[in-house]
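Encoded as structure tokens, here's the structure I'll be asking about.
Chain nomenclature is as follows: A, B, C, D, E and F, assigned in order of appearance, with residue numbering initiated at 1 for each chain independently.
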Amino acid sequence: MAKDRYQQGLEKIKELTLSDDENPTGFMDIGEAYKDIAPDLSKYVVEFAFGDIYSRPGLDNKQKVLTTITALVAQGKPQIEMHIKTGLTVGLKPEEIVGCIMHLIPYTGFPSVLNALAAAKKVFEERGIKMADD
Amino acid sequence: MAKDRYQQGLEKIKELTLSDDENPTGFMDIGEAYKDIAPDLSKYVVEFAFGDIYSRPGLDNKQKVLTTITALVAQGKPQIEMHIKTGLTVGLKPEEIVGCIMHLIPYTGFPSVLNALAAAKKVFEERGIKMADD
Amino acid sequence: MAKDRYQQGLEKIKELTLSDDENPTGFMDIGEAYKDIAPDLSKYVVEFAFGDIYSRPGLDNKQKVLTTITALVAQGKPQIEMHIKTGLTVGLKPEEIVGCIMHLIPYTGFPSVLNALAAAKKVFEERGIKMADD
Amino acid sequence: MAKDRYQQGLEKIKELTLSDDENPTGFMDIGEAYKDIAPDLSKYVVEFAFGDIYSRPGLDNKQKVLTTITALVAQGKPQIEMHIKTGLTVGLKPEEIVGCIMHLIPYTGFPSVLNALAAAKKVFEERGIKMADD
Amino acid sequence: MAKDRYQQGLEKIKELTLSDDENPTGFMDIGEAYKDIAPDLSKYVVEFAFGDIYSRPGLDNKQKVLTTITALVAQGKPQIEMHIKTGLTVGLKPEEIVGCIMHLIPYTGFPSVLNALAAAKKVFEERGIKMADD
Amino acid sequence: MAKDRYQQGLEKIKELTLSDDENPTGFMDIGEAYKDIAPDLSKYVVEFAFGDIYSRPGLDNKQKVLTTITALVAQGKPQIEMHIKTGLTVGLKPEEIVGCIMHLIPYTGFPSVLNALAAAKKVFEERGIKMADD
């Protein structure tokens, strides 16, 4: 049932944001800002993106977020900041997030990587995260 | 020394292609087809892409290839086929490779995913690979 | 229920391909070629792309296919050929399909447009379609 | 004559911006900000983009703007805001503009769509537009 | 007058293809294959792309073709092969064409560069061109 | 040796930024802002991008920067502003920089060109540069 997919999507979002029933979507942007112009958007985000796709077997959560971050670096999308946060939530080490971005130099070139590192630096500073080799 | 970076790159390529000293680059395209017009290209591929970047700490080989595959799906590049092979070499399960491609639907849309699955299917068939849930 | 979304998606695909219950997906590629490696893909294509998104109100079928064709031209995806066919099915005139592609010159440049016109020409020739002003 | 193409382009821009002879280009950015460094740019915008391409037969104005909006969503260009305004001028309903953006989820992914809806929301709010189903 | 722009465009194409009045467009693809479906396309190619833009002052022909080749590498468009030929016609040395493609590694990554070098190699082989340092 | 490549890269950056031993990287962003999270980044920028690639024979510095600017326009990257500055340093005339951007209209469309001209205008104004035909 659609209700199950929505519930499944919310559970997945809670895993990715470490949020709870009070505020189940946490820092995740599910498109609620647009509910007056596209009232069905947040349903698709929750049910399809998180209830269907993020809930597939095959990859674990860390792998899913690494894949997400990579796609957002390659496309230059601002959503990378939010998914650096989901990465930290699911247990990716800062070294892994930076490692993923740096690994893209031979595939996307330096400018995309520099722009993505700016997002990582901002999130790490907000959260007081220091790299292991500091 | 540059020689060390080249040697380091070759060692990494051997890991990714399961090749040996007889044929150290195996199925990896390091640009040797272009050595008459760009004689320095294969050096940059080996030394920089594999000796520097693929040899960074931070990610393990499986994570590096997942990141690579994701970038190539997002960009629609034909090199995805070669890196599905490197993924299998470093121990990614077919479910992980397919899981990575499928995870991209909400980020790149369906056409990019369909085109990438065609490459996966081709490699899996060539190698007689069947998915675990067949 | 999921079954309703699947059924809704199939109905929409039948509209877009003028197919029937014997062969409900007609010339539409719903990813069945990949069912051995990604058995859930065709479900997402039918339920989400066609059952949810193509079934939204707001645009009529002609507008939806024009939008689809435009996205595929901008991205240079080979799926444009299939959607020139869906355009003809829902009643887009050849002049509208070509008009849409030509309209993109100031936004995507000439090469993308030339490549897309090659797909249009191929489909029109296969179907014996001539433009109104021939 | 070139003069005719320029005049034709201005007429088309007036249709798209509901402006008049006093201020014929209205809210349309024809590149006049760059006339000191690229004095011929606005001529190309008016003569080619609007005098030639926007004045082609094949599509009506609503279809032309839908095509334009789609291309700008797919490319992530900031000009989408201006063309949401031209869409409203030529009679596209807010539902059609949002419908076009939402239709792109299966082709460009969610992030591009979220970013485009932010532009639509901004324009609708500036103009006091409410969706029919509010 | 439009006629002058067309004539100007043809002159520029002759410079770029070393063709003559018998066959003024030489190996240049001006979209004539699509004249039955988009009869105005070749006019826009000749008048706008070559009569207006390629005829601007500011850059010499070698610089214009280097710029063109770079754009086509960055976009992965097949038209790169044709513009490697126009580069040779206007006097770009093979080293400059290859130098331009190789220079893009830090900006577009290796796969785009490898794909572009395949086009250069093909053209050079067809024309019996050898690099200076062979 | 790696030290030589780093030194070679610094020399190239000094050419491109007209800086000196006191401040060898001048206005060039070599990623030092990210040294706490990616301490090896600036080494790759200096050694690979500038020590290897920018130091290749084949193109002169003006051609290298034209190629760089073109790639950044085609990709819509903010680094274009920095490379308009490197272009001025190596002797590109403002007419050549603008000529390169304008030349891209038939390849990338108008929006990319308008966005890039905004960066050029900003740099020219900061430096009090006027075009020759003012």
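Things to note:
In this section, a residue touches a chain if its C-beta (ideal position, glycine included) is under 8 Å from a C-beta of that chain, and two chains touch if they have at least 3 such contacts.
Everything numeric in this text was worked out from a predicted model, so none of it was measured.
Of all residue numbers used at the contact between subunit D and subunit F, under half are used by both chains, marking a mostly different-residue interface. Simply put, subunit A must spin 180° to overlay its Cα atoms on subunit C, rounded in steps of 5. Which listed pair repeats A-B comes down to matching contact pairs by residue number; over half match for E-F among E-F, B-C or B-E. Averaged Cα coordinates give subunit B a centre that lies 42 Å from the centre of subunit D.
With each centre defined as the average position of its C-alpha atoms, the distance from subunit C to subunit D rounds to 24 Å.
A straight line joining the Cα centres of subunit D and subunit E is 30 Å long. Multi-chain contact residues of subunit D, defined as those touching 2 or more other chains: 40, 44, 48-49, 53, 56, 71-72, 75-76, 98, 102, 105-111. Viewed as a contact network, the protein chains are fully connected, with every chain touching every other.
Here subunit A touches subunit C in the complex through residues 1-2, 5, 40, 44, 48, 52-53, 56, going by the rule given at the top. Put simply, subunit E touches subunit F in their complex at residues 48-49, 53-54, 56-59, 63-64, 66-68, 70-75, 95-96, 98-100, 102-108. Within the complex formed with subunit D, the residues of subunit A that make contact are 29, 31, 33-34, 36-41, 44-45, 49, 71-72, 75-79. Looking at the complex, you find that subunit E touches subunit B at residues 76, 94, 98, 101-102, 105, 109-115, 117-118, 120-121, 124, 130-131, 133-134. Put simply, subunit D touches subunit B in their complex at residues 105-111.
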